[in-house]
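As structure tokens, the structure follows; a few thoughts come after it.
As written, the chains take the letters A, B and C, and residue 1 is the first residue of each chain.
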Amino acid sequence: MSAHEDDPILDVRDLRVWYGTGGDPVRAVDGVSFQIGRGETLGLVGESGCGKSTLGRGVLGLLPDAAAVTGSVRFDGRELVGAPAAEVRDLRGPELGLIFQEPMTRLDPLQTIEAHFREALNTHRPELGKEEVRRRSLEALAGMGIPRTRFGQYPHEFSGGMRQRIMIALALVLEPKVLVADEPTTALDVIVEAQILGILADLRRNFDTAILLVTHNLGIVAEACNRVAVMYAGEIVEEGDARELFAEPAHPYTRELLRATISLETTGLNYIPGAPPSLIDPPPACRFHPRCPSAMRVCADLHPIEVRAPAGQRVSCWLHGPEGQIPAGGREPLERREFAEAEEA
Amino acid sequence: MKESSGSSGLRTYVLTRLALALPTVLILLTVVFLLMRVAPGDPITAALGARLPAKELEKRKEEAGYDKPIISQYGEYLGQVVTLDLGESVTDNRSVTSILAENGSATLELTVAAFMITLLVGVPLGLMAGRYRDGPWDVGGRLYGIIIYAFPVFFLGFLFQLLASQFGWPTSGRASPLVEYDLDSITNFYVIDTLLQGDWSAFWDVLQHLFLPAFVLGLTISGVLIRLIRVNLLQTMRGDYVEAARARGVSERRVVINHAFRNAMVPVVTVAGLQFAILLGGAVLTEETFNWPGIGSELVRYLNQRDYIAVQGIVTVFAVAVVIVSLLIDLVNAFIDPRVRYR
Amino acid sequence: MRQRRLSRWLAPLRETTGVSRWMFWAGVVIVAFFVVLAVFAPLLAPYGFDQVSDAGVRFPKQGSPDGTHPFGTTVGNYDVLSRVIWGARTAIEVVVLAVVFSLAIGVPLGLFSGYVGGRADRVLVLIMDALFAFPYILLAIVIAFLLSDKLGQGVVTAAVAITAVYVPQYFRVVRNHVISVREEPYVDAARALGAPRRTIVSRYVLQNVIQSVPALATLNAADAILTLAALGFLGYGIQPTDAAEWGYDLQRAIDDAGAGIWWTGLFPGLAIVALVTGFTLLGEGLNDVINPLIRARSTAKPEMPGRTGGEGEEAILSLDPAPGTDRPRGP
């Protein structure tokens, strides 16, 4: 598929993560595949509650006990799904890093910044001496613009933006090859957001770090990502080169998502009618069909098949065929009433 | 630079906290005063009415100031508290301060020992219950917490006394009569006094006497501590910073001890301050059960004799003790939790 | 659909794990048992609570359990079994009265303080916190002692003394809850729409706050049994001629322990433990239902149907069905 000379550093295939609730399971991630090459940034976009964050954590094996995982996550050729917990844990930090959405609560309020760094480095680099630990920590913090005088302070003495930079420094001091950034700027203001995105871009350039950037903000993806995957109700519906995909979206959901984005040229507000579906009981066949303006009869009957769209991205939508699989009359537009009833059932 | 900002924050915190404790003390004192005046008749008549002629009663009332208006009595009472002179008991003319010195030490010895038992039992069980949710430790710990809480101190005491009487283990008083007779009261804490004298057999005798009441009182409080630690640990275990530490590959053991447990202890310490009041209440019952000559059993004795002055004095001491302990707990919290100092 | 809605209120109970549910039902059974004892005490107890002789024959003093006195007799010649059964009636009476009194005072005070706020709130909080900090047994003793001259040492005195202990707790819980509910967006919205204060308090605030009351009341009932027994043990509870009370019986039994007489203390003690445990289990169960944060949800992994068909090839290249088309569908 994508023209990368190396093997992808992260190769996720048919990953499913279901949560047990006592009743029917929540299918947070349901058959997702993607790859990220070294030094590449993949943007993962979608509405809230579509399974983005679960996917990000699933890659690191950071899921609650009630989550069942199948499929495959290969990091640098090593299979993580089903690997012993201790083995995956040793990879977290030095190989796979994670930065979170809300920086305010991610640092232990009772420990100094120094203690956080010491813990991380002592865990993964026990051979480093005290001075070396300190030197590396201060260097990572300096890279994020945190002055060394604040090394001994407590989390509550920092602002949200500074805390997020500390969190990033804490991830980077271990020099991970893959960084999962779960909405890293959502809780921050625009100026800090730009700083953080700049930091991520540097990282990619200077350290060849692969980044999975989870966000609901398409503007960030356009700015920071090589490729983008659009997620809807636990599935990736479209994936491809960021520029091409934005120029020529193939999936109606991507199209509507782009239309709903507010920019300077926006004259009126667009939104996608309806709400993201329940992940416990998602709509049958194409999960987007109840909200899709281009829905056809086949969309309510059969799950779409992944194909390559004209612009080169992969897409799961009957609009793009394959023609041979659509039953006769399947291209007739779907009548609204029909699916209104289907939803009720 | 960091040090100075930290300690000045702490100093401000201590001062504010002290200022806030004052109204609490004042309200408690007022409640105590009013409660004692609601009682029918004046303290002198209540305690001695049947024993003294009317004239003598009048004289004593005047001496004690019970013919004055209630406001000035209130003022006098507050004055007494400030000067730490809480008057003399009506029935046996002991000053409240000496009751405090002689019997208060017994109560303190009992409560401190009991609290140590509580921590020894409660902290590990609470930790295991919160850590391994729904596992055998959790179920066992929760059941133990609920059932031990249901045991009145005096019933648990009764059961242990039944058991102890089989082995001849002492179940009454602070020491055997002979040991007590030989003891020089230096600090009035028998454990310390016997150690100071270097009398090991006396020390063992005192420890034997202390063990059962402290053990029983400590056990009954431990149930609450287990529940408290468990719930807080369950909450901190799903804390954001705990997940973040896991995401850095920190070992589960370290995550629990360094992050979850330490953070869970912050509210636990606060509530432990409130537990102290319950511990004091429990001490009254324990003292009655084991004939422990503490301030609680003195209170019950004076209540029975309707000696309002002594009762008022002892209750005042309890109230002030509770406020002082909650103050201390808050200060301990300020040391543990850096955020407190900046609030 | 309708069925679902009907059973929604039971859902939390079903979602709790085995242990929590088991504890809840154990509590129901224990409390129900004691309520039956209390209601039918005259029928169930072999003798009256202050009866010391039957058919002209005086009961033995500290007689060990036998055919006529299955739980033995006390130092005061009472029949232990009858005292235990009649004691259930006393305990339930006092607890019901105390809980009703505390609710009647604590809840309105808390609502008022929390909703009105300002200076009245601050003063009330100071007073209640001061009372809360006070050793509760002392408060109960002093009040029972003061009331004993006016009301005698009966059920009402004990209930009032216990009420004084619990009012601050209800006040605290209700007030704090009101304050958090008051700031909720939906209450704000109602206020912005011009809903009168009384409507807001009764419809939005009270209804929300009232949810936390059953669990608190049940847990306090457990505590009230212990306070009642403590009062009785110290001699400020109910007099033996007024009604049977377990705490009083235990006080009389303490001296028996040294002599190896176990039956006088064991049975009333076990009755206290059982009833308090029952109320606690019931209250904890209710708490689980109300507070989903503490509630342990099922942590079992869901069953995932296995996949059929070969995978690993990039489906996109061959235009074959993408992985996942044969996935299981929702009902």
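Here, contacts are C-beta pairs under 8 Å (C-beta built on N, C-alpha and C of every residue); 3 or more make two chains touch, one makes a residue touch a chain.
Since the structure is predicted, the reported quantities are computational estimates derived from the model, not experimental observations.
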item: Label of the chain whose CA centroid is most distant from the centroid of chain C; value: A
item: Most extensive contact between chains (C-beta pair count); value: B-C
item: Most central chain, judged by mean C-alpha position against the global CA mean; value: C
item: Separation of mean Cα positions, chain C and chain A [Å, integer]; value: 47
item: Centre-to-centre distance between chain C and chain B (centres being mean Cα positions), rounded to whole Å; value: 25
item: Centroid distance [mean C-alpha coordinates] between chain B and chain A, Å; value: 54
item: Overlap residues in chain B, where contacts from two or more other chains coincide; value: none
item: Interface hub residues of chain C, defined as touching at least two other chains; value: 299
item: List of chain B residues in touch with chain A within their complex; value: 1-2, 239-241, 243-252, 254, 258-259, 262-263, 266, 336-339, 342
item: Touching residues (chain side chain A, partner chain B) in the complex; value: 60, 62, 89-94, 97-98, 100, 102, 105-111, 119-120, 123-124, 149, 152-154, 156-157, 167, 170-171, 174
item: Of chain B, residues touching chain C in the complex; value: 23-24, 27-28, 31, 35, 38-40, 133-134, 138-139, 142, 146-147, 149-152, 154-155, 157-159, 161-162, 165-166, 171, 231, 234-235, 274, 277-278, 280-282, 284-285, 288-289, 299-300, 303-304, 311, 315, 318-319, 322-323, 326
item: In the complex, chain C residues that touch chain B; value: 17, 19, 23, 126-127, 129-138, 141-143, 145-146, 149-150, 222, 226, 229-230, 233-236, 247, 250-251, 253-254, 257-260, 262, 265-266, 269, 272-274, 276-277, 280-281, 284, 293-294, 296, 299
